[in-house]
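Provided herewith is a single structure, encoded as structure tokens, for subsequent inquiry.
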């Protein structure tokens, strides 16, 4: 069949105009909606890949309660081992063989890029891509949508913290790929604008066994702060290395370094006071120990994905994506691809696993989540404490102080409207 | 000063490459095969060591037990899987790729995805002289490797069985004629290599690497390169090859402006091509005999 | 589709680095189209040729470095490609990758886009297979095998190792680069993390070659199909076990049919133990990839009587 | 036809050739004999340019061979066999012989057609067999066939009769002599089968420890006391 | 002929994959006996020796010194004292001459000193091996390698030595020396021999008995002297 979508109703967005092929209701039957995803279940990025456990658990919960408008959601999960060619094969199979309605939660930048255009051409929804790389958030790609706050936002938030802390120089260690580069690009100019020297910049190969040479180079420079854009065990290696080099910079790290599993690998005292960001309720954060949303999450996970580690941030993220997805599907006018995609573009959602004040607000932007919270790692208690972006002081438990995209970050810090009293997560603003 | 510290870092890197390289050399010396799965075997051994320390064993005894278990597993795999495939040239290579994939999968299945640290074999901390830091663990690992090479060299060069291993690796047919039990030697050779893999895996954890299923993926490539530089049959060559790569890589990436750490592999490629062009058999390797 | 391998069989030397040439073919093609606006056909040709030239250049050290040593050098070469790509990420896109326009059907064609791609790739494959097949039966093919068996004796019978080695390296990398170029314009996206550009790619190529059995044309194709499709199928049902099963099946296949799949059907006299063509993963509708190859002399891993 | 002048070659510690001088006359059979390790095979390796002598001169029909690459020798009409049959196991028997024929075609010299060569050496039945696992005697014949198929002027034979029975030795000798006539060959023969040497060669050069110790007609050489003590025994 | 043979081969079949080469060969070697095996090119002589020493797929029965070795591994067979000198160069090309010789005694327990003494005895017989002691075996001349192979086999202290074309590549003087050595060992130490040798005059000269193999089957079996002296047999099977 070919494009026979009812022209978009008064919306500026004409989704189906350029479809090479448009099958509006593929994968939808009277009682099911088929969705698919491709992510690394094996290989070096298998931990982020555990994302799917949370997603599956949420969908199972919803299905048990009757599904979305009476339809159960079936999710097919394929392993791509973070190989873009494999992602392409998987997605091709999902769309052409399994006839899924849409793709949800492709994980990673290169993997997403490998399938983005194809899904665009065939007008298949490509929702909640698990990346924050600005390059994926391309306005021309109307059939896809990223989910993470962009890496630039995260980098700018950390840059802001460095500036507010009064550092004179910042060194950078980053992974030698798009992921690392996205952060570095976003970091450098705000720092320079604020008169902070950007010192030694080093990169490492994710496969290399050690990063000692890089640490030695950074330590020789001895900057006041260091920005760490790393993944996996490179994070503790870097932090341990910095500690034993007897250099004592302000540590600024990307969100991916701050999972509890990785921090558990640190040597005593390493990583102390490291600043990171977050935007959802980390399952290991003691201030959310009694949180109702997390309790529901843990309960469902134990029931539907017992193999998963409930303390893993990526698993919670999967759950969170499940919440967003169901909301989007429910808010779609009809269950056809264009309507769902349109609903995703119009979404303005807050779900209970997000921090207060964080919203998935897609209207008019390709970067739906625009808020992050800074936090500090306390190595003695092995926990994170939310901090005030300006002063760097710890915030009282339950309180957030978000950094919001789009405005000069140094000025634009606002107290969230509510704390402790989550707003209902509804589909319409 | 910076250069000296980078040198020490390079030696550390080299020790990582050398650890696995030693196991590769032993397997080659006794069976004539390059075992592509050696790295994954070492990973499994390291995982086993972690599991054993989890049971309350000290790290040294755990290593000893893991090495013994690895010996048995290596020998068993040789008998059951590798031996039947030895006859045709490329088949063993792919068999070993199969082993690689399986071993990696077993690691993921049994150990899970979460990296884990292993308690050090050597005291924490290190020496500082003139501002240069040297970790005790690096010194310890290098001493451990020195012991291993000495033992291996004595074994291969001085003992009758060692001579038998060399014979079997280079000329299995002639070995049979001379009454050397070729199959058993291959089996033992793989066992020893696997046991050394356990030592390699645990050495790595002492050099800052965490135990996880892909800990050896890249190390294997570097170790193979180290073995190539040193010569496939020389334990000393493995160490020297590893050290050359580690040190040159560290100095080049640390001191040459514009060359950053992520292109270490290119530096290694250049080194090995240059070395092999002048000595095609590797620094400590012997050329194969060919005459008509 | 498939790429091909000349060398393994002919000259017996294993190159585990052909993903590098695959990558060169793919990137030269992709970069020319994207950044220089070169027409697709010209870009494919340029990509293919540059792979060949790179192969020839790399063939020069191979004159001196042989056997397992060369195999490992090619392995390290393969491992270096991603680093090179990310070093020049301005034009290559690095891990972010490069989106390449894909082959589209000519105006008025009755074929759908993916069918067009499929037939283009299939056509190229057939040409290459034919070429390799003819080479194998030619004087050059004989010379290559002789060189692989016994260099000294071959030289005595007029075989010129230098020319042949470089030539064969160039030819095999040209074919591999062609596969890369076609991959770029059929898959539409290339990135330094794409497995065919990494060592994994080299391994897949080699595996396809061996499981298929080198001796027969059909073998490598079947091998490619199995190496590629089997894991995908298992992965669907049990992703965690897929890799294990893949490795185990690989081992089992080789133990049961050491001559490759093709040997299960045909019992060939041992007169042609060596081979040639090589395969590549056969993937879903369109995509091509691959190849590998190898060559040269004597026991790649050693063994001398 | 072939002149060897004061050729010397030392390997580490072993003087394999020392001032070796002799000539091979066109159209004849010259035998090169001597004790084990005398340097006969080494001499062959120098002529076929696998080895380069340390000093001395080598010329073929006036062409200086020292400057010629090994792979060009077949074009000049030099073919050889190897003491330990050096066949190509990845080719069948016919393929091995065709390698020789490829050279002949290239040099556009008259040569025996492949099939005829196979026939002549009783290899037709084994033509499509792998050379691996051939009996020793058969390997020797394949070696010879490969060399003959290349249409040589000068044929260097390194122990062609090794491992053959009496009958087979005689047969090989007859074959060689017949082909020699037909193609106008010159033969340089290394062989320990004294009977074969004496019965087919026109000229014998005897080497020992890298040096020529006798050079002359078979009957003279045979009775030379130095040859008897170094090689033939009583 | 004593009642209990040292080697007793009965109805032996051997094949390489699909190719059957031996079709029910029976043969014996008594203690202290020298037996020669003759036959044309391709008759299966090498195959027979390799089958006896465990290097080829085989069925039937092979007993050595009372032990059934039909299924024994080559290594086990060597340690029983049944040692082979293979056809062609069976040396360890990459190891030195000295190491090759040491490997000859691999299956025996001897002290280093005793082994050194034995090696020096071998070197006395083949002085060139002494001169080339440190050279790698693959670089030796053809004849030198053959001497090395024989020397190495002797160091295994065999009870039955099986030789496949021992004179291959040897100069006439050396061939004679080898046969003299064999006879000497036979006479002094009661070494038994099973020899495949194309030089029929020479081999029949030292042999007690001979077998003629043709197309994988034994055609003639008898005292060596009888075969040598029977012109008809000679012409039919030996070609002269």
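All chains are identified by letter, namely A, B, C, D and E, in their written order; residue positions are counted from 1 within each chain.
Assume a contact is a pair of C-beta atoms (placed from the backbone, for glycine too) under 8 Å apart; a residue touches a chain by one contact, two chains touch by 3 or more.
Being a predicted model, the structure only gives us computed values, none of them experimental.
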Chain labels contacting chain A and also chain C: B
If you walk from chain to touching chain, how few steps can bring you from chain A to chain B? 1
Hop count on the shortest chain-contact route linking chain A and chain E comes to 2
Chain whose average C-alpha position is farthest from chain E's own: A
Expressed in whole Å, how far the mean CA point of chain B lies from that of chain C is 29
Interchain centroid distance [CA atoms averaged], chain B/chain D, Å: 48
Per the centroid of Cα atoms for each chain, what is the distance between chain B and chain E, given in Å? 42
Going through chain D residue by residue, note those that touch at least 2 other chains and give them in order. 41, 50, 82-84, 86
Which chain C residues touch at least two other chains? 12, 83, 86, 152-153, 240, 242-243, 304-305
Multi-chain contacts in chain B: which residues touch at least two other chains? 105, 108, 170-171, 173-174, 218, 262-265, 288-292
Of all residues in chain C, which touch chain B in the complex? 8, 12, 14, 61, 64-69, 71-73, 75-77, 79-80, 83-84, 86-87, 151-153, 199, 203, 206-207, 209-211, 214, 240-244, 246-248, 250-251, 254-255, 258-259, 298-305
Mind listing the chain B positions that touch chain D in their complex? 292
Residues on chain E engaged by chain D in the complex (per definition of touch): 16, 40-42, 46, 87-89, 128, 132, 135, 139-144, 146-147, 165, 168-176, 198, 200, 238-240
Note which residues of chain E are touching chain B in the complex, please. 53-55, 73-79, 83-84, 86, 90-95, 99, 102-104, 106-107, 136-139, 152, 156
Sort out for me which residues of chain C touch chain A in the complex. 83, 86, 89, 93-97, 99, 113, 187-189, 191-196, 200, 232, 235-236, 239-240, 242-243, 283-285, 287, 289
